[in-house]
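Below are two complexes that have subunit A in common, paired first with subunit B and then with subunit C.
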Partner chain A sequence: MKITIENLTKQFDNHLAVNNFSAQIESGQLVSLLGPSGCGKSTMLNMLSGILTPSQGKIWFDEDDVTDVAAEKRGVGLVFQNYALYPHMTVLENICFPLEIQRVPKAERIARAKEMAQLVHVEDLLDRLPKQMSGGQQQRVAIARALVKKPRLLLLDEPLSNLDARLRIEMREEIRRIQQSIGITTIFVTHDQEEAMSISDAIILMKQGVLQQMDKPQELYDQPKNCFVADFLGNPTINKLNAVYEGGRLLVEGMPCDIETSSVPASAPLYLSCRVESVLINQKPSSIKGTIIDTYVIGKENIANIQVGNSRVRAYIDSDSALRPTEEVTLSFKNKGVFLFDANSGERYI
Partner chain B sequence: MKKIHSIKFSRIILYIVLALGAIIMVLPFYWMIIGAFKTSAEINQFPPVWFPSSFNLDNFKFALETAPFATYFLNSLIVTFCCLICCTFTTILGAFAFSRLKFFGRDILFSLLLALMMVPFEMLIITNYRTIVSWNIHDTLFALIVPFTSSIFYTYILKNFFASIPESLYQAARIDGCSNWKYLWRIMVPIAKPALVTIILLNAIACWNSFLWPMIATNSPAVRTLPFGLYAFQTEGGALMERMMAAATLVVLPMILLFLFARKYIVNGVARGGLKG
Partner chain C sequence: MKRWSKISFKRIEPFLYLAPFLIGIIIFTLYPIFNVFFMSFKENYKYLTGEFSGYGFDNFVQILSDPYFIQSLKNTFSYVLIVIPISTCLAIVFAVLLNQNIKLKALFQTAYFLPMVTSVTAVGMAWKFMFNYNSGLINFFLNLLGFEGINWLQIASNNFAALAIFGICNILPFIIILLLSGLQNIDPLYYTAAKVDGANTLTCFFRITLPLLAPTICMVLIVNTISTFKVFNELFPLFNGPGIAYNLFTVVYYIYYQFRGLTPPKYGLAAAAAIILFIIIFCFTMIQLYVQKKYSLEENKS
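Let's turn to the complex of A and B:
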């Protein structure tokens, strides 16, 4: 099912939680709604599910305007952050519940519930109560309960945030597998960019209730529309250097830089942002100099911390590199993964 | 080593205190039940007889024959049962409305109701009496039921319990297609079972033992209840202790049975419905 969101706005008493949000989600896709805590992701999801009524704007499921349709009639599946399983019902009863409400005959609903339990691999736990299960198991049950009534849209609100790191990776792959196997349009809320990058067909990045960019994960990483998007994605986070355009050339931390620029306003404060993998050390002649502060290893990566003017830059180095702290180095940049932003508006120039 | 020792010691003290408490609680009941089986010689004997020589049922027989105990018993049963059904029903609906539904003036209305709890029952007797007289149900079983078909206090307790059930369960149920009505009966009430059982028990005891109101609202023996019967027994049966004990045992017995029966549900309810996180 295709979802169309049109100028959606939600105003709480004195707080604009979602602001003029428009997007289109193609049928069968898994789209992540990504953003820092409190940026309005849950509010957005709750408006899609019908729990919250929008202050303004419209929601379309395919060709139907569902803006005023009540939650119980929308036919969406929703997995809550805390799973919200019914504590007094067993796993089987929990999964059966939506069908029971629809008055599906008992034999059929048990058959369908068992089928769902198999899909999410909880078929051995049918007699357990929620409190007798681990977080990961509860979450699988919550997904089964959301899917059993064959919704046209599956919504997941930070479903992995209560799990430990290893289980999180396992479960996100599970979610992707289940989503692919039934081809259901899915919106997945998370504040973890890595999670979003790893499972989504597309990512919607939000900040303070405003949509920043919607794109394929790699596009979002390679072509951020503004400074916030560039900062939010990537681990380690992108390097940010103070820059200014003066006398027809770009000065980075006061040092001239040979990056091609055009149509940049003169004297305005800028950021030159470069991905960690786009920084080259001592490879090309350049007038940008820095001092090594320290070097460290994360997993298989060797990273150097470099002081450049008033900023810190991180760069990958060879594992056999002889770079030592206090050593002076020359920095240059690859063509890819280097962006120039307006420091105030965040607007991107290159 | 020393620490373990002191822990054990404080444990022993604790158990002794608890055991003493339990004995003090149970002793009067034991004395009553045992007294009901005694002969008149045994009951006045000193030192007291702790175990009657035989379990003779004469006292019970006498009690049942003297006052129209069977009628009283049936009346008590009907009144308690009807009060429980009506009151529990209105309590559940009221608690749901005040905890989940959003309507204009909800909190002010509830504060007003709570303020009504300050008015002692003795003061309400006059207005209640006038009401049942004007409704023409004076001296009927209805008069004993109608004033007790709702309770602010129990509504307040249950409302607080309902309010502690996470909002996300309500939202989940709505997403599952559940109406308010179904949500109340399929999700909230089962989860609130421990609180409900407690409320029902308290209410049952209050109804069963209620004395003042039935005294005032009824005249004819055909509609009087057990506590009045016990009172009448004092005068009609003479001050014979062993017979009083038998009558009292008969009055209390259903409540004890109810309690023993419900105990399992309280424990089960807590174990099964306990909310996590």
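Let's turn to the complex of A and C:
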């Protein structure tokens, strides 16, 4: 089912949670709503599910305007962060419950619940109570319960936040598998960029209720529309150098830089943002100089911390590199992964 | 020598802190309990002189053949069987309503809990006015609805109904408070989940609220069964005694009556009645605990 969101706005007392949000989600896709805490992504989700009514704007499911349709009539399945499984019901009863409400005959609802249990791999746990299961198992049951009534849209609200790191990776792959196997349009709310990058067809990045960019995960990383998007995505975070365009050339931390620039306003404060993997050390002649502060190892990666003017830059180095603290180095940049933003508006120039 | 006394003081110290309370309990609770137990078996016991003719079941035989005692048993059982189910059901309804996000919620909560901080006697006096045949509020409303007024207090056969109504309303705030605390422990997310699935209010109540509230309801039942078996205070403001025609004896009132209402007082009979009441309450509590345990065990098994 295709979802169209048109100028959606949600105003709480004196706080604008979602501001003029428009997006289109293609049928059968898994789309992540990504953003820092309080950016309005849960509010978005609650408006899609029908729990909250928007202050303005419209939501379309295919050709139906569902803005004023009650939650139970929208045909959405909802999975909560803490699963919200009914503690007094067994797994089977939990999965059957939505069908029980729809007055599906008992034999049929048990058959359908068992089918769902098989899909999410909890068919051996049907007689357990929620408290007798691990977090991952509870999450699977919650997904089965959301899917059993054959919803048109599956909404997942931070479904992996309560799991430990290893289980989180396992479950996100499971969610992708389940979503693919029934081809349901899915919206996945998360604040974890890695989660969003790894399983989504598209990511919607939000900040303070405003849509920043909607794109494929790799596009979002390679072609950020503004400074916030570039800052938010990527681990380690992107390097940010103060820059200014003066006398027909770009000065980075006061040092001339040979990056091609055009249509950049003169004298305005800028940021030259470059991905950690796009920084080259001592490879090309350049007038940008820095001092090594320290070097460290994370997993298989060796990283150098470099002081450039008033900013710090991180760069990957070879594991056998002879670079030592206090050493002077020359910095240059690859063509890819280097962006120039307006420091005030965040607008991107290159 | 010095070292030894230090160690022994350390050992005694905790008991010193416990002592004041312990002594109080021994004098005012434990000693009377044992005393009552022995007293109930002493035949022809004279309290002032402490004389008695021997141990035996004479007191029990006497009260069990006393029509007033049989009546008190009947009244007490009827009272418990009527007040407990009705008050618990009403309290569940009120607690669920008070737990909703309604306007003036605080005002309603205060209004409902007010009787709890007022003495039974004061509340009872108010009820006495409300029950008044000619000018009482209850009859006023009955008349409004087209029913004939009932002479609650002056006609013996109506006394029990008046007592039960008063008892139910009197116990309600306490149950509501306990149930509200139970309700507030239920995660509101369960209702959101059920609502998205299309559950209506009644389904939510019977499939989510009631099962999750069951442990609290069990606790309420046990505590209140014990307290309603001891119905006594309620009789004074309404009737100044056991009903208008000695028709409303309760077991505790019967005990009180044997102590204070007769000359010379019959302490032995009072003690025997107290022991019988103790056995009844004990049995009921055991049954409830057993049922509760079995219920929760079954829940764990499945």
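In this section, the second predicted complex is superposed on the first by the 350 of 350 C-alpha atoms of A that agree within 3 Å, B and C clash if a C-alpha of one lies under 4 Å from a C-alpha of the other, contacts with A are read in each partner's own complex, and residues count from 1 in each chain.
In this section, a contact is a pair of C-beta atoms (placed from the backbone, for glycine too) under 8 Å apart; a residue touches a chain by one contact, two chains touch by 3 or more.
No experiment lies behind these values; they were computed from the predicted model shown.
Peer 1: After superposition on the shared chain, which partner residues are touched by A:G337: those of subunit B (first), subunit C (second), both, or neither?
Peer 2: neither
Peer 1: Given the touch rule stated above, what does A:P98 touch, subunit B (first), subunit C (second), both, or neither?
Peer 2: Both: A:P98 reaches subunit B and subunit C.
Peer 1: After lining up the shared chain so the two structures overlap, which partner does A:D127 touch, if you call subunit B first and subunit C second: first, second, both or neither?
Peer 2: Only subunit C is touched by A:D127; subunit B is not.
Peer 1: Which partner does A:P87 contact after superposing on A: first (subunit B), second (subunit C), both, neither?
Peer 2: A:P87 contacts both subunit B and subunit C.
Peer 1: Go through subunit A and flag every residue that touches subunit B in one model and subunit C in the other.
Peer 2: In subunit A, residues 49-51, 71-73, 76-78, 80, 82, 84, 86-88, 97-98, 101-102, 129, 149 are touched by subunit B and also by subunit C.
Peer 1: Within the complex, which stretch of subunit C touches subunit A?
Peer 2: It is residues 187, 189-190, 192-199, 203, 207-208, 211-212, 214, 299-300, 302 of subunit C that touch subunit A.
Peer 1: Looking at the complex, which residues from subunit A come into contact with subunit C?
Peer 2: 49-51, 71-73, 76-78, 80, 82, 84, 86-88, 90, 97-98, 100-102, 127, 129, 149
Peer 1: Quick one: in the complex, what on subunit A touches subunit B?
Peer 2: 46, 49-51, 70-73, 75-78, 80, 82, 84, 86-88, 97-98, 101-102, 129-131, 145-146, 149
Peer 1: Help me check something: in the complex, which residues belonging to subunit B touch subunit A?
Peer 2: Residues in contact with subunit A: 166, 168-169, 171-179, 182, 186-187, 190-191, 193, 272-277.
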